[in-house]
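Working notes, structure below.
A, B, C, D and E are the chain letters, set down in written order, and residue numbers restart from 1 in every chain.
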Amino acid sequence: MASYNKRVHYKHPKRKINVGARPGSIIIPDDAQEPRIIIYSFNEDDLQTSKGKDMKTITQQIDKCKGHTHWIKINGLGDANLIEDIGTFLGINLLVLEDVVNTHQRPKFDEYEGYVFGTSRIIYFNKDNELINCQFSGLVKDNIIISFEESHFDYFEVVTTRLKAGKGVIRTAGPGYIFYALTDTILDNYFVLLSKIGDMIDETEDKLYKSPDKSIMFDAQQLKRTLIIIRRACWPERDKINDMIRSESSEITKDTKLFLRDAYDHCIQAMDMVESYKEVTSSIIDLYLSMVSNRMNEIMKVLTIISVIFIPLTFIAGIYGMNFSRQDDHGRIIKDNMPELYVNHGYVYALVGMFLIGAIQLFVFWRKGWFNKL
Amino acid sequence: MASYNKRVHYKHPKRKINVGARPGSIIIPDDAQEPRIIIYSFNEDDLQTSKGKDMKTITQQIDKCKGHTHWIKINGLGDANLIEDIGTFLGINLLVLEDVVNTHQRPKFDEYEGYVFGTSRIIYFNKDNELINCQFSGLVKDNIIISFEESHFDYFEVVTTRLKAGKGVIRTAGPGYIFYALTDTILDNYFVLLSKIGDMIDETEDKLYKSPDKSIMFDAQQLKRTLIIIRRACWPERDKINDMIRSESSEITKDTKLFLRDAYDHCIQAMDMVESYKEVTSSIIDLYLSMVSNRMNEIMKVLTIISVIFIPLTFIAGIYGMNFSRQDDHGRIIKDNMPELYVNHGYVYALVGMFLIGAIQLFVFWRKGWFNKL
Amino acid sequence: MASYNKRVHYKHPKRKINVGARPGSIIIPDDAQEPRIIIYSFNEDDLQTSKGKDMKTITQQIDKCKGHTHWIKINGLGDANLIEDIGTFLGINLLVLEDVVNTHQRPKFDEYEGYVFGTSRIIYFNKDNELINCQFSGLVKDNIIISFEESHFDYFEVVTTRLKAGKGVIRTAGPGYIFYALTDTILDNYFVLLSKIGDMIDETEDKLYKSPDKSIMFDAQQLKRTLIIIRRACWPERDKINDMIRSESSEITKDTKLFLRDAYDHCIQAMDMVESYKEVTSSIIDLYLSMVSNRMNEIMKVLTIISVIFIPLTFIAGIYGMNFSRQDDHGRIIKDNMPELYVNHGYVYALVGMFLIGAIQLFVFWRKGWFNKL
Amino acid sequence: MASYNKRVHYKHPKRKINVGARPGSIIIPDDAQEPRIIIYSFNEDDLQTSKGKDMKTITQQIDKCKGHTHWIKINGLGDANLIEDIGTFLGINLLVLEDVVNTHQRPKFDEYEGYVFGTSRIIYFNKDNELINCQFSGLVKDNIIISFEESHFDYFEVVTTRLKAGKGVIRTAGPGYIFYALTDTILDNYFVLLSKIGDMIDETEDKLYKSPDKSIMFDAQQLKRTLIIIRRACWPERDKINDMIRSESSEITKDTKLFLRDAYDHCIQAMDMVESYKEVTSSIIDLYLSMVSNRMNEIMKVLTIISVIFIPLTFIAGIYGMNFSRQDDHGRIIKDNMPELYVNHGYVYALVGMFLIGAIQLFVFWRKGWFNKL
Amino acid sequence: MASYNKRVHYKHPKRKINVGARPGSIIIPDDAQEPRIIIYSFNEDDLQTSKGKDMKTITQQIDKCKGHTHWIKINGLGDANLIEDIGTFLGINLLVLEDVVNTHQRPKFDEYEGYVFGTSRIIYFNKDNELINCQFSGLVKDNIIISFEESHFDYFEVVTTRLKAGKGVIRTAGPGYIFYALTDTILDNYFVLLSKIGDMIDETEDKLYKSPDKSIMFDAQQLKRTLIIIRRACWPERDKINDMIRSESSEITKDTKLFLRDAYDHCIQAMDMVESYKEVTSSIIDLYLSMVSNRMNEIMKVLTIISVIFIPLTFIAGIYGMNFSRQDDHGRIIKDNMPELYVNHGYVYALVGMFLIGAIQLFVFWRKGWFNKL
């Protein structure tokens, strides 16, 4: 697996704010992508796929397949007109449409008269290993589900594949089930993400035990931040699923609720993993800091001990380098001022003395236990 | 964007306290500004604006436009008489008036017989980049809304502009909607503020990665404090909006409540951003402290290694600088005391020996991994 | 304002414990002051003040003014008989009387058959700038309120002044209102205290930015501890006021409850300020610790750099101080052993070489950015 | 008071675990003491005390004094037969008996058909100043209360004394009141314990301000741990008392509940003191750590400044100790190589120069404020 | 007991994720073990044990012993067919079967029409002292209980032994009681685990007080992590048992619920021990870090003091090693430049002076209290 030494690109949520604007204004962010529309119209036996361009093509498709379930999949939110047209066509409140384009919603599930609306956070590593955190929102009314995604990335490929295969309940359980299936895919991807993060934590921990360096601190901080992002998506997701389970809208059938209860368990399990990983990450940071400090202390201690052993010796050498001397008139040195200097083999005695002093110091330090690793 | 290297001027809330005073006393703070009054009287088709001077001018305007909705906008709380007159005119409890002038209220929403009262915190950076945290309060009774602001700054310009434009529901939805619109503007400005803080965090983080210096610590602490101020405003604001939604006063209509639910979501979103920013700020501080400590350790380690390499060498030089010597009667040196000194090319040997000792030290340190960055 | 460099005298609550004693025993602490009693008997038009000595003088006064409201103000709890007599006279449970003399109660409000009982914490700086934390308790039965204070200090002067002035509802609203007024005075004094603490925080913060020294750490810890004491008084006070508001005793009239709701808001506001001040204090400590560490690092770095520059130079000087030399028979030095020493202007070359080495070191350190403040 | 420099002997709760054993097995821990039984049979006028040996002696005593209240006080749980016999005699569930001998229960109060059962933690310093944390459990059925204590220590002496004195309600209020009295004695002893801990904290704090040494860290950690043990006993005790107050068993009479409400207040007060002491202890640790670090920094700074002042001076001395010299053929030194050496009074000039350099360094360091205590 | 110096092998929960797969898919992890099946069929008097191979052998056994209670014990989840067959035979929801094979469930208890399902975490040290954290799940329907374990390890030996012994209620209380007995065994093993951890903590603490080294940090971190794993299992276990107590399924009889209430208490007790151990572990880490820092400070202080004492002395020696000198034409030294050098016994004076300087330094440092241990 690729290493994790990049900075997590956590896009600080910057909504385009129009202070005091009429509530329900559809304000498209500057970097929004132009929409790509696919309409899946299906019943148990039949599946028709058509590309949509605007509201007109969509309504044509809906009219064509009466009695079918329609999934209008919109990737890209760059067209305010399209979204307003959808709102008009289905009779959606402007405030809801505002939530579709203002892509910094917390996951939530709201019931309105005749339709339901929900959002989730889509989080994944893209192929450049950057963490993407964007919004999914879904609208279910009668036999129609409209899903909105921010980017063109085909995140829900697995669902469309299952739909095309046509097995299981996916073709017959109505648009509410599709909404559930999308939510469940998002949750499954949280586990993919968490499994990736688990690997990263393992790697970081291995590095900690084998060759600790300062990248550990950065990696651990990045992991922590990523986990916070996932947690921030997971917590309200749980409430959202709970709201769906307790919902009395006809859009969420009793069978779908059984699956939702399963999704609820998954959500709690994901949160549990996030908390678990956060604690492991914190303990990695603590251990790393403690190791750095220990190692640094060790080095400084050894270095200082070396210095301290030589400093008195150098002093002694300095003493015998002093020029105290008396010379007689003939320049002859009178040997009574620094008599050691003129002793036979005085030099050897001095060297031996120095060696002894050094050895005693080492012995004292050793006895005091200063060479023990603490 | 301007850098954030100023100290956030967090005005410690200092109310003028009159210990044991009769509750409901209108005590004007010394630095209160004298009031500027504008009255907007409007219905769907008509909007009349008039400047007010005192209670009399206000009542004249109200009498003139019967059936209109009146918004009495008061900037500056420096006139106790005016506030008492308003209280008498509308039959407002003295305790409520006390809350208007005691500008350190937490956001709240209270229902009384026949009228409702609410406060919010207005927070913004003024043009000197100082953080201003002052109070907005609003009183809604029948077809009248009175808004009180502490300063003359035209904070609600966007609302008056919308009112003058006359589009949307703002002209027809009654004074409760005006109250909502003001609250919503305050919330929108929290997002403006948070977006500014997001930029500051990005700047600080860039500085951390590119050229860390000690201003980071101050900046991060300031950011944290600012975030705490916003959080302190946001949390009770949420409760307040919730109280408004559950209110049964006729002043808050069912349509307004729909918008309030939207505002409630915004409030939670703002709180979410605050928490998110706080965690990022904390992680910046942690990383910075770890970097400082790492860097300092690195420097001290290199410096100490240099010292330790030279200390034994200097000791050796000191040894050969000692004056152990014997001279014969003619002053001639007898070469048996420090024989190394008189060896041919002894000096070169000594230099080579020193070089070797230094090299061995370096090699040992390198083998122990002391040059690795940890 | 006087500086805050004294240790907060936080009296660890030491009750006189009589393990296993019969519950409801009146045990007077050793340092209790002897009681001073004043009886205020008043109705709308009349106010009579009389000093009490014992139960007898009190009952005389009560009998004298039938129909009046009586406020029996007792400062000092040193007389067990008096308190037992009051209990007998009014029919008070022994457990309640125990709470009066055991002056370490948390603020609380209890309803009994026919009477109500409440306690609060009186906290103030006395004239020696020591923090005093003592107990107020009040008993309301029929038309009588008895207030107990620990010390002789005239804490409720403002209330007696208002009572004597006779304005407002204070004379007519009954003993429950007096109880409210006393509680409100205590709350107002929390704000006085908090405002003083706000000034101290400002001072400490100014010191931090202008001339940081180690008193900051002590001051901040003291401030924190004072804030904890206030918080400990405030939290249960809030519950107490809430209990009073929801009380169904006839002693707490509906009008008084309106004022209590205001007091409740004040209590929350005080708690808010306490939390806010605590966070500011923590951030002062963090900044101070970071500054100390930065400054120390800076000093150590500069000092070590100076050392490291001179250590190799001293080594070189040591080299040329070595006595390698050969002399011929005439004592003449043969110049082939340390030839540099005998080169023309060798000394100057050596000095220049040393200067260059020092300069190169400085340059390398500068290039590595070691002179940057981090 | 004796100092607190011993390690708190916190017995890690080690139950004898019999994995998968039939629930309700009476497994006696190895170190359990053999039981000592005293039976108090009393009514208002009469008190008979008899030592019990086994179930037979107990039933004899109960039969002898029909109509009396019986308190069977058992110190020591070492006899499985006795406990099983008691269970059989009174018809107690095996699971309850298991809780009696498994002495690591949290305080709790359980109601069964016909009897109630409760446990508490007895915590005290024994005469060796070790912290003892053992279990009290009580069974109340009809007119019998059985109390179980782990050790032979006469913890409830005060209650038996009161019982013998025969004053107050203790003789007449039934076995439930005895149970309350025992619980209350345990609570009173928490205050004795807390008062002792308060003294220890004061001592530790005095040491901190007067002669800080490293025992402070240990003491504070021990205090913290002791406080945690008390807190762990207090929290569930509060719930237990609350359960007793809300109990509808006939064993807990209405009068006893009045006293329990008082005990409940005491419990909260104890918890409050525990929290308060914990915060003081934490602040002691923080201050100590900050003092240690400050002091160490101060020492290192002074030492390093001394070194740095002498290092350049030593370098200069080294320079003038170099042997650059030229001698003519007669061994006479030609004075052009290190001319300073041969200047008149050059030595004095050198000393003065060195002194100046040292003084300038001191001045620069002083100007930079490095001598300020930070 | 074996030391704890190994890394806890905390298997990061890695489920095999099939993103977007049909909910209820039975996906067997790669490392799942092939199942071993034992069927216990019993009533009060009879117990038949038979090995099962596949669904057919199971149904044969069930048919053979009509009226008996059947416990189908499956160790190893490696056979998707078997699990699907069981699901078909008993009519179990696919989502439940998915939870059986996806072995990262939190403990939970779910009721379905006609059957109940529950999971727990089995945590133990295997013989290699590695921490194993695997899943137990149980299905109770009519007179059948099916237990699923991940590994072949005979974890529930105690229960099968009790079953074979045939004493107590285990034979007669139905499959719900078996489910309780298995849960209770798991809880009992938590206590075994916690007791082992308690020993490890004691060991680590002893090491801390006797011979602290850096393994303490690792050990404490590992202990903390193990405690977190247990806590993660315990918390939801409590909720699960609570759900079982409140369950209205006929599978959980009233008698079993009495035992469950006991298990609930055990669960809380285990959580209490976990929290207690966590705090002890944290305090060990704090003390260790403080000791390391103290010790390091002590060493550095002593070393630096030694250096600082010798540095000025070496400087003085350097001074008298300078070559300031004047020689007359005859090479005779003129004694006016460094007159000290030529004083009688100047050398002795110098040595005495140096000794005095060193002694004064030591005295000053001692007076400043730098030799005190802080």
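Assorted remarks:
Basically, a contact is a pair of C-beta atoms (placed from the backbone, for glycine too) under 8 Å apart; a residue touches a chain by one contact, two chains touch by 3 or more.
On a predicted model such as this, the values are computed, not experimentally measured, just so you know.
Note on connectivity: the fewest chain-to-chain touch steps from chain A to chain D number 2. Centroid to centroid, with C-alpha atoms defining each point, chain C and chain D lie 25 Å apart.
A separation of 41 Å divides the Cα centre of chain A from that of chain C. Contacts with at least two other chains are made by residues 300, 304, 307, 311, 314, 318, 321-323, 325, 331, 338 of chain B. If the chains shown are joined wherever they touch, the resulting network closes on itself as one ring, and no chain has more or fewer than two partners.
Chain E makes touch with chain A in their complex at residues 7, 10, 12-15, 17-24, 93, 95, 98-99, 104-106, 108, 212-214, 217-218, 221, 224-225, 228, 232, 289, 291-292, 295-296, 299-300, 303-304, 306-307, 310-311, 313-314, 317-318, 320-323, 325, 330-333, 338, 341-342, 344-347, 350-351. Chain D makes touch with chain C in their complex at residues 156-159, 161-162, 167-168, 170, 181, 184-185, 188-189, 191-192, 195, 198, 201-202, 209, 258-259, 261-263, 265, 268-269, 272-273, 276-277, 279-280, 283, 286-287, 290, 293-294, 297, 300-301, 304-305, 307-308, 311-312, 314-315, 318-319, 321-327, 329-331, 337-338, 370, 372-374.
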